[in-house]
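Here come two complexes built around subunit A, the first alongside subunit B, the second alongside subunit C.
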Partner chain A sequence: MSVKYVPVQWNRSKWVYDGIMLAAVVAFLYLFLYVTPELLSHENPINPQVHNARAFGACAFLMLTVILWIGPLARIDRRFLPLLYNRRHFGVMTTFVAITHAGYILNWYFAFSSSDKYAALLFANTSYGQLAGFPFEAFGIFALVCLVILAVTSHDFWLKFLTPPVWKALHALIYFAYVAVVAHVALGIMQDQQNHTFTVIFIGGALSVAGLHAWAAWHEDRNGDRLGTEEGGWVDICDARKIEEGRAHIKVLPNGERVAVFRHEGKLSAISNACAHQNGPLGEGRIIDCLVTCPWHGFQYDVRTGRSPAPFTEMVPTYTLRLSGNRVQVQVEANPPGTPVDPVEVPA
Partner chain B sequence: MSRKETPFFVGYLPLPRGLGGFVALVSVALVALFAAAALLIGGTQDAPQDAAFRFDYGRQTVTGVVELTPYPLLRVTEGNDLIPPGKTLMMTAAGKSGVDMRAMGLEGKLAQVSGVVLERGTIDMIQLRGGRRGIQAAEGEAPAMQTEPLGRWRLAGEICDGKCLYGAMRPGRGLAHKACANLCIIGDVPPVFVTTQPVEGQDFMLITGPDGTRLPKEAYDFVGQFVTLEGDLERRGDVLVLRLDTPTIALVDG
Partner chain C sequence: MTTAEAILTAVTWWGVIGGIVAVVFLGYGIDRIDEDADGAFVFRPLLVPGIVVIWPLVLWRWYCLASGRDHWAHRHRPRRHRHRIFAYAMPIAIVAVIVAGLAVRQSWPDHIAPERLSPPAEDSQ
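And then the complex of A and B:
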């Protein structure tokens, strides 16, 4: 909700978040780079370039895995939401770690020949017709390109420029990148392992991502938002007295949109459930200081108008609502974003 | 945990009470996870092949007869303590390049070579210094050298680039190293075939294409993999040379 764009709007949470993530990454790299060579004590050690490439590669895989854990974990248990808050910084960090991995490989395996190393990357192995010996580097390059695109477009400027739906779709690239990384590892280093510790960790990591997503989908299916029944252009939401002060009740409308009906100072107002920032679920937010606060990144809206407080300009659609006995109902068609609607008194 | 009891987190506000402990726990778990993964993954890497450049032996200068297979070999006639006469050396240049061009005019002649050796149990390869300091014609008559034909063989093993196998890179074989090995072989570094069973007391042999040609392009798809192949074997001093019968090369399943 910025009026002018700055690289990062720092606040304490972001500093702490980045600090913790950085601590995890530094711990990984330090132990891998400086402690494990001592543990291994090979007669003729692994070349430092390869050792380093493995450290950064394994770190990037673990980071990606954790990034993909965060979404489903937050859906299953909302206490994980703080991990979601600044996930993009972690994503950008991952991109740098992955680039470092690629750099070590490029300057080792693809260097020292009479050809340009970038050209060598493309022509050295062309066994595209086979699984074993497939140029698995191609999957790594694809994943790296995805990560760079995501990192470059991670800023809110791009979010606004591309519009949230397009931005969200673009950032689903992370899943393709992850699948590519899995293929990259499976057809590469895993083909050469005698010791299978890494194999177990790798397969466990990839399965955990798939498993958590399946669990979150199942969880949402059981506990997720329900479809409201429509009659004559009005959709039934719930018993008006059941909505707690400062909270909302979410229903799915026949057209697939979600509406959030909030109770504020004993009166009901309805706005779109999708936050103008990144489609966060506003109905799972709270009213803080008279403003609906998004659970994802804290954008705020006046529940009666769908407008962010000045100087911010974000707006979400509002819905006209009425009471039918004790039942609250909303009109199927949303009002244009930012349209004020008179709140409805909760029956005693 | 129901929504009602969950403390509500807003990024730019202080962490709500009740969430602090959970977030701290998750943070510690995250750092511990990364640390444990680093030790487990990093600490269980396979030992690479026991082979290395021997810069510590110093520069070696020996004389011998140059043979082109087409990959050049040196049949040592005047050696030293490390490389006695009768030894055969494969030769390579710095980086991923062979010395074919420099050896071309010296076939069957006596030459002096100078460089650093690579050792893998035995010393079978030398990386020459640049230009004429690395290889140059030597005075004297070249003695006749024996090539002993050993007949046709069917063998199982892996095609590698000889230089990485001999420790220029560790690890220097296998599929993760395939593109690098191809690049070496394209650059005329002598390719070798590492057999699963010793053959004539050796576990490796220089591998060439049929009739004195280089390793054919068709073989590149098989580099770094477990394959079977057939070809004519010959002994040149203490190095075996296999002339691949290209169509016989096949992947071994599993």
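And then the complex of A and C:
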């Protein structure tokens, strides 16, 4: 949460997260370069530039694989949510590792011709009409461009400026980037490997991402939020007495938006389920002192007003609600962000 | 001009225009459309690469915010169905790509002899 923008919002958790991440990158590179050359088919002498390029390339692939594990794991099991907290720093570091890989490649394979090395990269292989010998560099360039776009738009300013839905649509490039990286490896270094260890690790990593995403989507299809039934502009949510104290019941409205109805001190309040920061699921958070905390990044809102506590300025839409017998109902149209709504008493 | 040179020239011009947009936006526009940026200057250099890369999107959002065309409701409508499409399409694409890679791999299975894809170049690097 911010009042004024700062270059990087550090806190202790982020220092620890980044420290572990950096240590893991250094450990991976050390293992790849010095401990397991024969395991990865590097027993034949290769020059340091190629060796380094492979190390950083493999590291970038692994980092991207782990990044794409985090989302579905956090949806399936809340214990993985802390990994989601600082994933943007993870992504930026991955981009730097990928750029280092590209730098080694450019400055070795394309640096010694009379042409400009960037032009040489583009025209060295133009056999786009065949699968065998396809210019796999094109997939790498595409993936790197995607990663750069994600990294340079990772500051919180971009979330607010572009709006969370547009920002998230832009950052969906990560899926295209990953498929491109898989193609880059499958049609590139995998064609050359004589040792199958690398092939097994690569295919296992890529299939784990594929499987986790399919599993998480299937899991959400089965256990996700349900559509509420509308009658006369009011949507039925649930039996008011079934909402636990400090928790919420989430329902999908006919217009596709999600509402989270919270119970706090025996009274009900309804706000948008989408956090103003990154549209995280507020309804999966807990209320502490009237404030619900977003499970993704910790942004907080008063459930009665949809406003963050001063001096913070974030706001989410609220919903007018009523009781019909023991059933709680909300109005379909949301109130503008930050509109106070009187809480409704839960029937005894 | 070759295709490669044309692409690099286009990229260069994209960057030049993006640089100009960055100077104008960070020096003039940002204070008028985001109160959190008012008086905050240290973070602004961090935005330069992003503006250079996606400057058409920056110009569009700047216009929307400055002209009042931005509606608050748009910020609170996550497109979760879009993620569902990616979650099912990406696994299919990954499997297809891996199968394609293995299908053209000449050293696997072991009994298939390597095949030269194109004649040897006259000059090697």
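Criterion: the second predicted complex is superposed on the first by the 339 of 348 C-alpha atoms of A that agree within 3 Å, B and C clash if a C-alpha of one lies under 4 Å from a C-alpha of the other, contacts with A are read in each partner's own complex, and residues count from 1 in each chain.
The rule is short, and it goes like this: a residue touches a chain if its C-beta (ideal position, glycine included) is under 8 Å from a C-beta of that chain, and two chains touch if they have at least 3 such contacts.
None of the values given here were measured: they were computed from a predicted structure.
In the superposed model, A:82 makes contact with subunit B only, not with subunit C.
Applying the stated contact rule after C-alpha superposition, one finds that A:211 touches subunit C and leaves subunit B untouched. By the touch criterion stated above, A:272 is placed in contact with subunit C alone, subunit B being left untouched.
Within the superposed three-chain model, A:113 lies in touch with subunit B and with subunit C [touch as defined at top]. In the overlay built on the shared chain, the residue A:24 is in contact with subunit B alone; subunit C does not reach it. Once the two complexes are laid over each other on the shared chain, residue contacts for A:324 go to neither subunit B nor subunit C. Looking at the shared chain after the overlay, A:229 reaches neither subunit B nor subunit C.
In the superposition on chain A, A:58 contacts subunit B only, with no contact to subunit C.
Within subunit A, the residues touching subunit B in one complex and subunit C in the other are 109, 112-113, 120, 127, 130, 132-133, 187, 191, 193-194.
Interface of subunit B with subunit A (complex): residues 1, 3-4, 6-15, 19, 22-23, 26-27, 30-31, 33-35, 37-52, 94-97, 167, 169-171, 174-180, 182-184, 186-187, 220-225, 251.
Those residues of subunit C whose C-beta lies close enough to touch subunit A in the complex are 2-5, 7-8, 33-40, 42-43, 46-47, 49-50, 52-54, 57-58, 61, 65, 70, 72-79, 81-84, 86-91, 93-95, 97-98, 100-108, 117-118, 125.
By the touch criterion stated above, subunit A contacts subunit C in their complex at residues 2-7, 72, 109, 112-113, 116, 118-120, 122-123, 127, 130-133, 148-149, 152-153, 155, 157-158, 160-166, 168-170, 172, 175, 178-179, 182-183, 185-187, 190-191, 193-194, 196, 199, 203, 206-207, 209-211, 213-214, 216-217, 220-221, 256-258, 272, 274, 276, 279, 313, 316-317, 334, 336-337. On the subunit A side of its complex with subunit B, the touching residues are 11-14, 20-21, 23-25, 27-33, 35-36, 39-40, 42-47, 50-51, 54-55, 58-59, 62, 66, 77-83, 85-86, 108-110, 112-115, 120-121, 124-127, 129-130, 132-133, 135-137, 187-189, 191-195, 197-198, 201, 244, 247, 284-286, 288, 293, 295, 297-298.
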